[in-house]
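Both complexes shown next keep chain A, but they swap its partner, so chain B is in the first and chain C is in the second.
Let's look at the complex of A and B:
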């Protein structure tokens, strides 16, 4: 019995530790970024485009814009592909088709981000530079926001598909049968019953994918071009926040304010991801509950 | 056009769109794998796997990346063991001690899902500040700590999903025989073993491929670490650092490292699927 009590308190401790980890990361990042926050107002940090670490100028605007561009492009590409794949898998596919598709999605989900980076450098970047960009601009190195968007889009497809499948399977079979019995086709059933019923879930899944895309580092860093500036089109290079942190972390140790600024970048990322995750997870949990 | 015809046309159109989407997915998988294998196989040689880098290696000399392979294995091995030690008790507590309606369970699941979504670069930056705080430098230990933090939420959530479907009657049977909850753990572990196995494979895949978090914490070195306080090289970083080199021999090494990493991940993902299929057949 003593063992049981002891085990119980150890386990409770480990649980609380896991929950506290979220708080610890937030507090740690905030403490580390407080020097730069004391130095500059929050608004000027977010809206200024001046990035001169040596002079103590830290404007995050170009990086925020870079992140937004890349993320929006990635989701715009991944969303339709994932939605239709998920609909096919839940509403149409026979089990022998699923046997081929699921392993393919497993592989996409499992490949490390650096592998997507290599693929992007070898396939997407030359394609943009030689085939795509010449139609629009005189010269492009290929290391562009578009390249980052494409690579990132592919990386979020497996996540989106698996979330969509989960969401669609929460719709009771009886509802589909009722609709089909009234003479509706499969597609009519899908978009008038399944999609309408799971609209909030689809939105939550998309928000989750957005937050995943925003934080992706290595693959994006390898193909985005990393030029500081506000991009004018998707054929300009960009510089998202994770790439900024990864590229500069080693060299900033000698300058406390620079380190603090990069920690602030990590804090922005963490805060946005935290809010997005909390919102969408709570919606998805509700959906799961109604199913049971 | 009458309604019936319209219905059929839209059905047909949607089916086409779906087929196109699925073909894109397959095409992408094929393209990525093909690119890595065709480049990697050309660059691969026995000395890549066995010869440590020397002073001239990054200028086009001899040498491979066994340092990165061993470094990755050290980090992944240690953090998987640590991750299991933390997460098995948590999952057990979540599913056996707590009621399904418990607030703590809700918050714990939410916290893990949120932690799962935190970008690895944030873990890297946060882990680095913790290491500085404790006076650690970039080292094997730092890498292990960060990767463990990174995979614990994945472990907990995947195992939790596997445990949730597990029949509660088995618990009652165990209690009825006079076992304490602690003793019942053994029964539960045996029941959810396939779930633990899949979770482990998933976590290893995630741990071995993550570059952003080990970049600042484990660092990079040309030798195989002999103690926890030495920096350690990892496979993803071996790819990342060498790919941008202007020297073809060095870039080849990046391709070969990418091939090794891909093969490891493919094996993990295929065996994960295999375990799931194999054991879900005889599920109650």
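Let's look at the complex of A and C:
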């Protein structure tokens, strides 16, 4: 009994510690970014496109747009591929196929992001520059929003597939059989029953993947071009927030307010992920309520 | 038409689950399949509507004639077969949709009606047939999961009836229900047998005694004895059947 209570208290402590870490990070980022917030208005920081650290001008708009572009592209690419891969693996594939595919997915998920970055530089960037972009523009270096989107999308796929598989596997077999027994085909069963039943789970998994995609740094940094400016198309280079922080962290100490500005960039990222998660939870909660 | 099973063998990997089953399941009657756990009752049921196909490494031999056509083999249209053979499973499984949509699901899948009004009429008819209409009237658009377990099972029966099957398979359809709901389902089966051929797997001998017209006793994948319920219960021909019925093993 005493041991049980002790174990419970220890685990509660560890649980609180994890939550405290999140709060500590938020408070730390806020304190560190307060100098730049005292000098500039929040609106001008978020909406301005001027980025001249030497002159103390910090406009984050191009970086926010860069992050949104890359994330949207990555998820738009990864979502359908992951969804249908997971549907195939849970609803159609035989066990010998699963035996081969699951470890492959685990390997993909475990690869360090720098490897995806190198692969992007060696394969995707030249492909965009030489094959894809010439159809649309006169010149593109290949280091573009599109390259970052593709590399990030491919990075997210293993995570999204395994989350979807988990979600679809939670549907009881009896439910599928109830549909099949009425004369439904497997596909009808999948999209009318399995997907309907797991709608909230699919949405939750996607939110998780979006959060992950927003924060990805190294691979994106290597292929996005890192040019400050608002991209007009996916064939323009971009500069997402994580890349900005990682690229400039070394030189920030030499300029006043620079450190604070970069910490503010991290705070934006933190806030966007937090708000996105909260919003999706509210939507999911309402969705589940209407389904019940 | 009756269902006729001829020399049916079912293997999963190297294990033989059903051994040389020969049976005739008469039409417009209730046939109860009894036997101890693991004797192959559910496998037999799942073979009749080919739900067994979703089990990996399964191999079927022999013939199962439904309306005179052999349904074993790849030539048969399985979706049409399943529409013809309704299934009520052990645990009620309402689909993740409203009460109305649950009953309408099979009709929509099979494109049975061109007019929505006909669909509404059929849904109401089936809900009335299972005695659920008065209980859910006015809330048919709410989620089916809000119904009680007994109501859910009746809904599943209504859902099966909505696609106008000729046969109803019930796999221990009352085992998860309370005694009152169980009795309601039993009474429903008795009232439905004039229109449908009902094949029911049951663990409860008393249930078989109450409603069965015919009984099939299975043991270790084989049919030990089958025939009219009265004969099986009163004068079993096989020693194994006698022992099972007297409760020596279960």
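In this text, the second predicted complex is superposed on the first by the 258 of 292 C-alpha atoms of A that agree within 3 Å, B and C clash if a C-alpha of one lies under 4 Å from a C-alpha of the other, contacts with A are read in each partner's own complex, and residues count from 1 in each chain.
Just so we're on the same page, contacts are C-beta pairs under 8 Å (C-beta built on N, C-alpha and C of every residue); 3 or more make two chains touch, one makes a residue touch a chain.
Just so we're clear, the structure is a prediction, and the values are computed from it rather than from any experiment.
Colleague: Is A:41 contacted by the first partner chain B, the second partner chain C, both or neither?
Modeller: The answer is neither, since A:41 touches no partner chain.
Colleague: With both complexes superposed on chain A, which partner does A:4 reach: first (chain B), second (chain C), both or neither?
Modeller: After superposition on chain A, A:4 lies in contact with chain B alone.
Colleague: So, A:81: does it touch chain B (first), chain C (second), both, or neither?
Modeller: In the superposition, A:81 contacts chain B only.
Colleague: Does chain B (first) or chain C (second) touch A:110, or do both, or does neither?
Modeller: After superposing on A, A:110 lies in contact with chain B but is clear of chain C.
Colleague: Please tell me which partner, chain B or chain C, touches more residues of chain A.
Modeller: B
Colleague: Could you tell me if A:94 is touching chain B, chain C, both of them or neither one (first, second, both, neither)?
Modeller: Once the two structures are laid over each other on A, A:94 reaches chain C alone.
Colleague: With the two structures laid over each other on chain A, which partner does A:233 touch: chain B (first), chain C (second), both, or neither?
Modeller: In the superposed model, A:233 contacts neither chain B nor chain C.
Colleague: Scan A:130 for contacts with chain B and chain C and give back first, second, both or neither.
Modeller: Touch status of A:130: no partner.
Colleague: Just to be sure I read the superposition right, which of the two partners does A:14 touch: chain B = first, chain C = second, or both, or neither?
Modeller: The first partner, chain B, only.
Colleague: Examine A:174 and indicate which partner it touches, taking first as chain B and second as chain C; both and neither are also allowed.
Modeller: After superposing on A, A:174 lies in contact with chain C but is clear of chain B.
Colleague: Where on chain A do the contacts with chain B and the contacts with chain C coincide?
Modeller: Common interface on chain A, chain B vs chain C: 185, 188.
Colleague: Please give the residue numbers of chain A that touch chain C in the complex, ascending.
Modeller: 94-95, 172-185, 188, 192-193, 196-197, 291-292
Colleague: Using the touch definition from the top, list the residues of chain C that touch chain A in their complex.
Modeller: For this pair, the touching residues of chain C are 49, 51, 54, 56, 79-80, 82-83, 85-87, 89-91, 93, 95-97, 105-106, 109-110, 143, 145-146, 156, 159-160, 163.
Colleague: Given the complex with chain B, which residues does chain A contribute to the contact?
Modeller: Contacts found on chain A: 1, 3-4, 7-8, 10-12, 14-15, 17-19, 21-22, 25, 28-29, 32, 80-85, 87-88, 92, 101-119, 121-123, 154, 157, 161, 185-188, 190, 208, 211-212, 214-218, 222, 242, 245-246, 249-250, 262-263, 266, 269-270, 273-274, 276-278, 281-282, 285.
Colleague: Name, in rising order, each residue of chain B that touches chain A in their complex.
Modeller: 7-8, 10-11, 14-15, 17-22, 24-26, 28-29, 31-33, 35-36, 39, 86, 89-90, 92-94, 97, 104, 106-115, 117-126, 128-130, 149, 152-153, 156, 180-182, 185, 202, 205, 208-212, 215-216, 236, 239-240, 243, 254-255, 258, 261-262, 265-266, 268-270, 272-273
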